Structures are given as structure tokens and as C-alpha cells.
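Structures are listed in the sections that come next.
The two complexes that follow have chain A in common; it is paired with chain B in the first and with chain C in the second.
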Partner chain A sequence: MNKTVTTIPVYHLPSVITGLEFEELTIENAHGSVKMVSPVLSTDLISKLVVSVKEKQRAYLKKQTTAQIIDVIGEAAEKWTDPNYHLRQLALKTLPIVTGYDASMIELELKRFIRLFRKKNLRRFVQSEIGLFGNVLDDFQPNASGGFSKFYGPDLIFQVFSGNVPGIQLWTLVTALLVKSPTIGKLTFAEAIMPSLFVSSLAEVDQELADSIALVPWRSEEGKALEEVAIEKADAIIVYGGEKTVNSIHEKVGPNKRVLTYGYKIGFAAIGKEALTTDRYPKLLDGLAADIALYDQQSCLAPQSVFIEEGGAVSPLEFTSMLKNALANFQSKHPRARLSENELMSIESARQKAEIEAFTGAETTVFKIEKNLDYTVVYHGRVGFEPSPLNRFINVFAVSSLDEILNVLTPYAQYLQSAGLAVAPKRLFRLADELGAVGVNRIAAIGEMNHVPSGWHHDGGFNLLDLVRVTDIEASAEYASESFDSDVE
Partner chain B sequence: MLLENKVALVTGGSRGIGASISKKLALAGAFVVVNYLKNEARANELVEEIEADGGRALAIVADVRDEVAVQTMIKQIEQQLGVLHIVVNNAFTPYEFNPKNRKMLADLTWFDYQSQIDGSARALMNVMQAGLPVLKRNASSKVVNLTSDLVNIPATPYHDYVVGKSAVMGLNRSMAVELGAFGIAVNAIAPGLTYPTESSQFTKRDVRDAIIEKTPSQRLTTPEDVAGTALYLVSDLSANVTGQCLFVDGGLHMG
Partner chain C sequence: MRNKTTEIQDKILTFIHESAEDTSKVAGGGHRFSNLALDVFSYQFQKNEPYRKLAMLKGKTPLTVRSWKDIPLMPIQAFKAVDLTTVGSPEPEDVFYSSGTTNPENKSKHYLSDLTVWNASMKVGFQKFVMGNRDKMTIFSLFPGEEENPNSSLSRYIDTAIDFFGTPGSQSFVQNGKIDYDGFVQALESAIQKEEEILIIGASFSYVHLLDWLKEQKKNWQLPKGSFLFDTGGFKGKSKEVGMEDLYAAMEESLGVKRNQILNMYGMTEISSQCYDDAIIKANAGEAPSYLKQTPDWVHVLVLDPETMKPLLDGEKGILAYYDLSNWESCVGILTEDMAIKTEAGFQLLGRAKGAEAKGCSIALDELLKVK
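Entry: the complex of A and B
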């Protein structure tokens, strides 16, 4: 066991907030020891943080142009591309201990993820969603109906983060900055590291900009009063988390505030027979195994079921057999995170269900290692759909045509998100359209399901547009104002 | 035990090297299917011997050169045992290793070659094609193919036999490539002159002594020697070893 304890702040406070008391939480396991430090919280403190970040927004953030804000975020992200950057090193040392994910997997994925926040990618992100390179957030811009419009972000965003995937929180932290809104963020102790460290990087580049963000961790069950204050003061709420969390926030917020939720989602992969040629299937196999194994399906982007079309050079059953082997290999390369008793039990019970199905004569085969829950692959010889207990548990369905999958997906419409597709160009658009119609909002290549591009539409919504409100100067006002020019004749 | 809960099929498993492998695998905990061609009494005797030692075995008749017979055997294994993890392709067309009376190149007929190819390549094809769907269901499976060190050092040029065993060597490698992704390891064993067996009884003392003289270990190979290597190759001790051929011949051939 590594005896050195790494101490890490898991919060970010505006620089004017001082004189606080702190508490510590130590996580110790086979990977090492981390002491997480965070402020002792009270409703008073939350109120103070609200005042402070709102003040900073008025005095500083709202006066920055979108281009200037992009420069600051981009510069902070560039720091993270340097392997010697102290905060990156701190993150890579502590994240495996706190999250349980394999260290080399985190390093690889984080490196890739942080590049999405480079200046060029942020410009693309803003341009793809609101155009004009974001100028409409800076000043009134001519609009298509003859007048002028300007976009305003919320006066305060309360963000409730989850901890399933390291760094995922940066998306909406950045989104809030781009619409020039201050953030109060509730972190979870499960992964409070990346958001805290990234805002520290922002502070290294521009302290004032970082002062418009306050991030503190608390446990949902102990922090009801804190949450109430934050909800009351915010005009928009962004929630990540399971269905329960999302519903509970919705109930508390009521109908008058904007709520953006990133909740439980189901992804799947679909492989056409044309992709199962003898020369193509090995790459597909590697890609699919990576999609399933990266972050143990905890990301909402990962597949939970796979549909394989019959008629290719390898049968669905054969492909499934190889998938089992690919997942076994992934385990030796990037072991799955240690699981809680609950998680292990849900894998066990899903396995039992599949085994009963196999035993009772259905065309079901369970691929697994006895007494070992590292991975489970369940092959079903007929079309169907099963959400997975996650953590490298995958259901594979053989289908005679991919057209069969639409019917089984429909009941899950509200949960559908990513689809990994391996089909020839002539069916890509038709199938995408049909999947889009049943609720799928993202179609990616197999092997890239966990990697989104900048400018993607998270859960099928807009990132910036869903947060802003618009003020129009209508053409009539503009023309009328001309008549009030003292020099007009 | 190394092979606990494993089911193994040993083709030509009732006598010679095959019988030694059957016993070895059963002693290591595997349920062994002893495949035989003709001698039912011999096969049953071996099964009884294995059971007397606390092992479990079942004798099934099938000519591995006959596609339908092999399919029937695999079906029987599936029905009776449900699974199959290990296949040892040991059977071959009976061959007399007789240095004095071997056929010269000019005397061989295509029938001689064909019968060796049938006993090697064709048998492998039949067993693998029938067995693969079952093997592919396992988390990992092992296939061991018996070839011969004569492929590399044909001290006595048994042309037809060498052709058959060379085919096994080639298939051993190409099968390993395709089946690796399924978690199926494929390896070969190339024994030297293995004595005593029925096939080697015609290799008389003079030739045996000449071989011994050139062999670093100064002795011939026994069926038990081959069985030890087979146990290694079908157990997890050989994890991540595939496409290889191990020579069990006292160092006569160094590959």
C-alpha cells in the first residue's frame, strides 16, 4: 500500500471569501490515499457565495466579450495538455484513488477530453450553436426579422454535478461562462476533483473570471437546506444524475425556473451485416469493447445493448464470443473499477436472470467467468432490448434485419441517447432518420461512442441556446427612434 | 486441480499417446471424452481405469475422418455434458513406423498420401468445424494438435506421414490466428519417436539406438512425456501461449 497521503482541495471559492473552517475526508484503498479538503458549509455561506459570484458577474464577467472568455478557457485547457502541469499531475494521482477507475485509462481519456476545450474547439462550439462567433452575447446584432437581438445568460446558475465520469462537469461549467452566467456548483465527493482543479486553472489565467464560480461539495441527504438556498437564488438549474436526483430537483424547483437535466440515458450499438466482413470485424470488435469498457459504461454515452445483424461473414453468436474475449483482454489492460456491494449484486441478479433464460431453452448464452464479475456478455438469439446493470455488462441481440430494432427501442424513447452505428453509407441516413424519430439523439461510429465532438447536442438539446433568453429591438422601435433624433428633419 | 470443471475430448484417446493424455487430463480434474475408432473393449477399460483413479471419463466411438460421425459425437457431448473446453486432436490414420520396409518416394501412391491427409487435415477439419460452436461459448478454450518432429527432421523419410503432419503444423498456426479472438488457444506438440506404442513397435533397436545417440537427453520419448506437455497446453499454465509447437523429443530438434 502506498503510504503517502495526497491532500487536495475539492472546492473553489471566490477569492474574497476568507476565514472559513475546513473539514477533511480521507479515501484510502489499494491505489493509495487521498485527503480531500472542503469548507464547512452553512446556508449563510451559500448565500454569501451567491452574492459574491453574482457581484463578480456584474462587475467583470458580463463585460468580457465571448471571444475574451474563450481565450481564458482555452488557455486554461492548454495548460492541461502539458504532462508536467502540476494540476494535471495532481488529478492523475488522485482520480484513480477516488473514482476507482484504472489510472492509465483515466490518463488517456482525460488527455483526449481536455482538448475539447481548446480555443479552436470552443470557437467551433459557439459558432455551431449561435453563430456570429458569439457576438450576439456581447451586443445587439441585426436579426433576420429586421431588428436587433441580444442573448442573456441566467443571472445565476445552480449546477448539481454527478461523479460518474471524471471531468464531465466541465461541459456545463464552460457553457455557463460562455453565456456569462455565474455558477454555484454542488459537487459530489465521488468526483469533486476535476471541476475544482479546472476552475483553479481558470484562476491562474484570470482570477476575476474564476471568481464568478463557487464550487463546494456536500452530500445530498445532509444538504437539503443548502440546496434550497441555492435553488431559491438561482434562475436556472443544471442537474446531472440519476432519475431520482433529477425528479427531486424538478419537484423542488417548480415550474418557473429553467431546469436543464442530464439524467439516466441508454446507449446502444447496431452492427449491419455489411460491416461484418472478415477484414473489418476485428477493428469493429476492438471499438465495441472499448465503448463498453471505458469508464465501465458509467458515462451516459456508452452502449448497454448491441444489435448484430445476421448474414455477415461472422455470425452474431461468433461476434459475441469474440466480444467476450475482447472484454477479457480489456480487463487485463484496464481493469474495471472496484464496485460497491450493490453494484455487484445487480450484476449477479442480471446474470441469474440471463442464466434462467438460457436454462429454460431460450436462445440465450451467457459468456462470463465463473465467480468473477469482471465482465458479462449475454447473447440473445432474438431481437429484444435490455438496459444493463452497467460495469461491463452487455446484452447482445441477434437480428435478421436492423429494421427490427425500432419497435423494441420505442418503449425506451425518453431514455435513448447515443447509438453506435456500423452500416454502409446507403443505409446510414435512412437508419439515422428512423432512430432519430424514436428518440436517439446522437449517432457515432463504434469505438467512438464515449467521445463526443465539441458542438454536440447534449441529450439532443442545445447547450447555450437552452440557457439564454433573448431581448429584441424590433424594427419599429429602431425606426421610431430615428424620429427622436434631435437632428432629424 | 488444474482442469477442474473442464470437459476434454481426446481423439484417438484409448491407446498410445492418446491414452496417456486421457489419463493425465482426467487426473488433473477434467471430464475426459475418450474417442476411439474400433476397440470398444480397450476404450472401456481405459474409462474404468480412469474411474478407479477417481477420475471421470466417457468413451465415444467415431471415425474422425467421417464428418457425420464427428458431428454425432459432438452432439452427444453437448447433450450429455453441456460443454466442451478442450480438444486434443491426437487421432491419425494408422501408420507403421517401419524403417526397414518404408515406401520409397517412387513407390508411394496418391492413396498413401490421401489416407494420411484424411487422418490429419481432414480429421482436424471435421473435429474443429463440429466443435467450434461449442468452444466459442467458453470464456477460454484450448486446442492441442499432435504433429511430429519428423516434420522438421525427417530422419527416416516417411513422406506420406510427413505430408499429413506438416498440414497439421500449418493449420495449427492459421487456426491460432483466427481463433485467438474467441479466446481459443491452439498449440501443437511434436513428439519424437515415442516408445513404446503400437505404431513404433516396428522401429527396431538399431534405429532406436541411433536416435538415442543423437538425442541430448539420451533417451526416447514416452507417452507420459507427451501427456505432461499436453496438460500444460490445455491448462491455464499456458495462458497467452498460442500458435506454438512444442517439441517433446529430448532436444533432438531444437526449434
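Entry: the complex of A and C
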């Protein structure tokens, strides 16, 4: 056991804010010990942060071109691709202790994730959503109706982050920068490390740009007053989190502000019989196990149910039994995080439910590790859909045709998000269309469910477009202005 | 078949009655309990098909199970999903339904074709942990009796207590789902005047209602010396949530009792025995109670690690597993959903295990059940 305590700041303040008091929170477990330092907060401080980041936006950020902003973010991201970069090393040392996730899994996932913020990928991201490489955020650009348009981001975005997946916060931090908006961010102590460190990297590249961001952690139940100040001052609010968090923000915000929410979502995987040939299925098994086990299913991108079509070289039951082994392999490489009592009870209770089904005659079989709750696979010999208690617990349903799954998905329409599909091209588009109609907004390959490309549509919405407002110079104004040229003939 | 049924009942009855005479007679290092538990399991393995299937699923048969601790545990949820009975097509003398604490449409069912063992278990336990040296007490119940509330194991329990241990004035004061306060006050005040030792029996939420009413009426009493309040249940989605210690403090104040005059009972529809804390036993012995739950001799408990389902050491928190010989008609081993800590002096209940919430955008099963 590592006895040394690593101290880490879990906040980012604009450089003009000084003279604060700080408090410490120490997390200690079998992986080591981390002392997280963050400022003592008050509503006054939040107000000061608001003034400071807004001022920096007016004085600096809004004058940068999108291309310049992309350069800064891209340069910061490149730092993180270097294994020797001091902040990357600090993150990899502290994240396993704070989140409980397996260290080698975090390392692997984080380096893949950070590459999404390379310059080339950011350019693709902006281009795919806004076009014109984002020039429309810099200046009025000719539009299709004969006039000119310019996009403006909100004057202040309040972001409420969650801590289920390390680094997930970077998406909207970067989005805010790209639309040239300052951010006040509420971090959660569950994972305040990555956003804080990444903004430090931005500061290493461009201090002024980083000064348009303030990130501080507080506990939701203790920080109602802080939250109220931030909501009052913000023009737009971005919320990650469960139903309770999202609803409470909606209630406080009222109807006149823009709120983007990334709330409850469920993923699933579907495997067609054509993918279950003897040469193809082993790869699928490993991919599916990774989809289920990465970040212990805490990401909404992960599958909670799997549908397997009958008629392949291996039967759904055989595949399921081998899936248990694949999860066992994953567990030996990347052990599941230590869980809270409530999480364990939730798994235990779902296992019991499945076992009761198994001995009361339903076509259910439970494949699990007997000695503990590391992973559980429940096989159902009929179509159905079951959300999981998470933490590597998966329900597998045998179906005679993948067409059967649409009906069972419909009741969950509002929660559907990612689908991992393994089907031949002929079926891909038809099935994607049918799933899209039911509410699915992302189709990925099995094995890639937890990995989104830059330019993806988060929860089926737009990232930049959903934040901006547009000012049009209509053709009439443009023509009329010609007549007011003192030199007009 | 009938013989087998009678034989197993007789063994259990003998055990319970010998325990009533002298605990040391049946203690015997736990061997007698273990052997009888294995007999009961073996009997149930033959006659209770779902239990047999569960045991097979766990790779356990009467041949491989060597100690009561190895007997497979039926998850308490299963009493909702399936008929767990050794009597085949049940023409039961009684069926107990749970009050459907989490989902009103989904109630546990506990079939009993013969109440002999249930009655013996109730009476011997009640005598020891509630009555002590007394033969009769004035029992007032704030929970409905069987006529008002058929198929409730608690109502049957209370009726049995009143019939067997109550003085002639003993009764339940719940009618048409409401506490008959006028009747209760009259009976209580008359008993107080006569300085009778009174035993008030209620579920936790009954006391919440009573205390609310007393507050409204600006009333309080001083119960006669030797009186006890008997509480059971805790709060499961009924009435307003109150912490147990807060409730007990309010009971002490309004009813003029001391903390060691309040007894808590742990029981449930799916089992045929009850556990009590040591408030009365210790009061009778002039000692300070630990308030830890005591098991009657025909019940053993284990506290299991939720991660591994292996028994924990004393003092560690886990899930309570309940082994009850008097549950001879369904399952001798029951896995409860209650968290507990066990010590040599008894076990402490720490409430129902809660479901988990996801950490972020993913939705966990328990939350989805809440929002749907």
C-alpha cells in the first residue's frame, strides 16, 4: 500500500482571483491516498467568479477566432498524449484512488479519449456541426437566404458536472470555449480531477483563455445558495446527472433560460446471426465484454441488455456462457471498482430476482462468479428488456429475429441512447432506421460502444448548435445599406 | 406422507417445548439445532419444488449440506413470485399475506396447512421475551386483529397474544382501519386507575398516529409500573418517516414510560418465529438492556457479506440470513433484505438495504423502477 499522500487541486480559478481560503478532503483506500484541495466557497465568491470570467470573455475570448481557440485546445490535448506530461501522470496517479476504477483501464481509456481533442478532430467537430470551420462564430458569413449570419454563444454557461466517467466533462468545457462562452462549473468530488487538470493545461498554453473558466467543487445538498447564484447569472445551463439533479435544476431555472441536460440513458447491444459464425464470434465476445465492463457500466454509452439472434453457428445460450468467461478475463485484467453497500445490494437483489426466475420455470439461466459480485450474466430464453444494476451486470435475451426487439424497447424510448450492432450491411440501415424511430440516437460497433467519435451527437442533440443564437443581416438591410453609402451614385 | 409431516412437526414441537422448559436442554453446542435444521431442509427438499430447484442451482442437496450454515437461503423476494409450500396444492389452515410494503400489488404469501408449530413458536417466544414470570397482562392493541385484518401474520400474532396472555379486558382498538381512540382512552384510563400492568402492542406507525392524536388532544399518561410498550415494524412506506429513536423518545414522554419499558419485536410474514430485544428480560432481572435482538433457540441467524455472501465476523455489517426451524412448511433458510450487525449478545437491525443510484448519466435499475 502506498502511504504517500498526493495533493491535488480540484478546482480552476481565473488568475485574478486570489487571497482565498482552501479546504482539504482526503480519500484513502487500498490504492493510496489523495488530498483534494478546493477553495472555501461563498455566494460572494461565486459572484466574483462570474464577473471575472465574463470580463475575460468580453476582453479576450470573444476576440479570438474559432481557429485560434481550436489551436489552444489542440495544443493542450497534445500535451496529454505525452506519457511523461506531468499533469497526465498526476491524473493517472490520483484517478484510480478517487474513482476506484482500475488504473490500467483508466490509462488506456484516457489516452484514447484525449485524442478526440486533437486539432484535427476539433476541426472535424466544428465543421460537422457548424460548417465554414466555425467562421460563422467569428464574423457575419453569407447565408443561403441572401443575407449574412453570425452565431453567438451564451454570455455565461453554468455547467453541472457528474463524475461517473473520468474526463467526460471535457466535452462541454470544450464546447463552451468553441462558442466563445465563459463557464462557471460545479464539479463533483467524485471526479473533479480531469476537468481541473485539463483547464490547467489550457492555462499553460493560453492563460487568458483559461481565465474564462472557473471550476469549483461543492456538494449539491450543501450548495443550494451557490447554485442559485450561478443559475441566476447564467444564460445557459448544462447539466449532467440523474433524474433528481436534472429535475431540480429545471425547477430552479424557469422557462427563459436554455438548459441542456445529459440525464438518464440506457444502451444495449444486438447481435445478428450472421455475426455468430465460428470465425467471427470470438472477437465479438471480447468486444462485448469490454463494452459491458469499461468504467463498470457507469457510462450511459454502455449496454445494459444484449439481444442475440438464434440461427448462428453458436446459439444465444452458448454465446452467453462464453460471455461470462470473457467478463472473467476482463476482470482479471481490469478488476471492477470497489462498490458501496447499496451498489452491492442492488446487484445481489437483481441476482436473486434472476435466480427466482430460474427456479420458477422461466427460461432464465444465471451465469456469475460464485465467490463474489464481480460480474453477472443473466440469460433469458425469450425476448425482453431489463435495465441493469450496473457494475458489470448484463441481461442477455435470445430472440428468433432482431425484429422482435423494437416492441420491447418502445416503453423505454425516452431513455434509449446507444446501440451496439453486429449485423450485415443489408440489415444495418434498415435496423438503424427502425431503432432511430424508437429513440435510439447512436449506433456503434460492438466493442466500441464506450468510444464516441468527435462530432457525435450527444444524446441525439447538437453540441454547438444547441448553445448558439443567431443574428441575421437580412438581404434587405444589406441592399438598403448600399443606398446610404455617401459615395453611392 | 402424513406420517412424515407429523414426524417433522413433532420433532420441532419437542424442541420448542424443551427450550421453554430449559434452554440448556436444547442448546447442546448447537448440534441439536443443526441436526434438526438438516432434517427440516431434507424434508423441504423433497416436498417444496421451488426450494429444491434453488438448492440444486446452488449445488446443494441434503447429501452435501452438513451444517445448518450450509442450508441454501431462499431470497425473501421469492415469497412474492412463487408458492413456497411443502403441502402441495394448498388447502391451508391459513395463508399469511404481507402488507405489500414495497409494491402493493405484489404481496408475499406464506402458506400454513397446520398452525400447531406456529402457535408453539409464538407462545413460547412471547412467554420468555414479553411475559417473563407473568401469566396474564392487560393487553391493548393498536394494530387490527384477525377479524379486521385477515391473512395478516401480525394480526394473528396479536389475537393469539390477547387470547392466551391477555386479561379479560384485553383487546384490539382498531376498527374499520382506524384506531378507536375513545374506546382506547376509556380502557386505558380505567386500567391506569386500577394500576394494572398494561402491555400496549402496536406497529411503529400505530404509535405515530397515537402520538399525533395525543398531541392534538394535549393529553399524556403515566402508565402504571411494570407496563410495557411493544413495538414492531419500523417504517416501510407507511405514515410519515420518523427515526425510531425519535419515536421512542416521544413515546416515553407522552405515555410516561422509560426507554427500557419499550420492547421491539422483529418478525415478518415469511417466517414463523419472532425475535425480541432484551428490554423486558433485562428489566425483570434488574439489568440494563442492550436492546439487541435475541433469537429463540429454534432460530439461528448469520450476517453475510453482501459481496461474497459468506458469513461475516461479529461486529461487521451485512445482510441478515434467518434460519428458522418453525418454518417447516416452506423454507428453513431465508435471506432477508435487512442489514444487521451480530454480536455475542444479539443482533442489531440497521434497516432495509437500499438500492443504488448510478453515478452519472447512466440509469441504474432501482432508479428506473422509481421513475417508471
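We adopt the following convention: the second predicted complex is superposed on the first by the 488 of 489 C-alpha atoms of A that agree within 3 Å, B and C clash if a C-alpha of one lies under 4 Å from a C-alpha of the other, contacts with A are read in each partner's own complex, and residues count from 1 in each chain.
Rule of thumb we're sticking to: a contact is a pair of C-beta atoms (placed from the backbone, for glycine too) under 8 Å apart; a residue touches a chain by one contact, two chains touch by 3 or more.
The model shown is predicted, which means the values in this text are computed figures rather than measured ones.
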Identify the partner contact of A:282: answer first if only chain B is touched, second if only chain C is, both if each is, neither if none is. first
Touch check for A:367: first (chain B), second (chain C), both, or neither? first
Per the contact definition in the header, classify A:473: touching chain B only (first), chain C only (second), both, or neither. neither
Should A:132 be classified as contacting the first partner (chain B), the second (chain C), both, or neither? neither
So, does A:328 touch the first partner chain B, the second partner chain C, both, or neither? first
Chain B versus chain C as contact partner of A:317, first or second or both or neither: first
Which one hits more chain A residues, chain B or chain C? C
Considering each complex separately, which residues of chain A are in contact with chain B in the first and with chain C in the second? none
Using the touch definition from the top, list the residues of chain A that touch chain C in their complex. 162-165, 168, 190, 240-243, 262-266, 297-300, 302, 304, 339-346, 348-350, 352-353, 355-360, 366, 371-373, 386-390, 415
Hey, which residues of chain C end up touching chain A in the complex? 50, 53-54, 56-57, 75, 77-78, 81-82, 306-309, 317, 319, 335, 337, 339, 353-368, 371
For the chain B and chain A complex, residues of the former touching the latter: 5, 133, 136-137, 139-140, 180-183
Footprint of chain B on chain A - complex, ascending: 282, 285, 317-318, 321-322, 324-326, 328, 365, 367-370
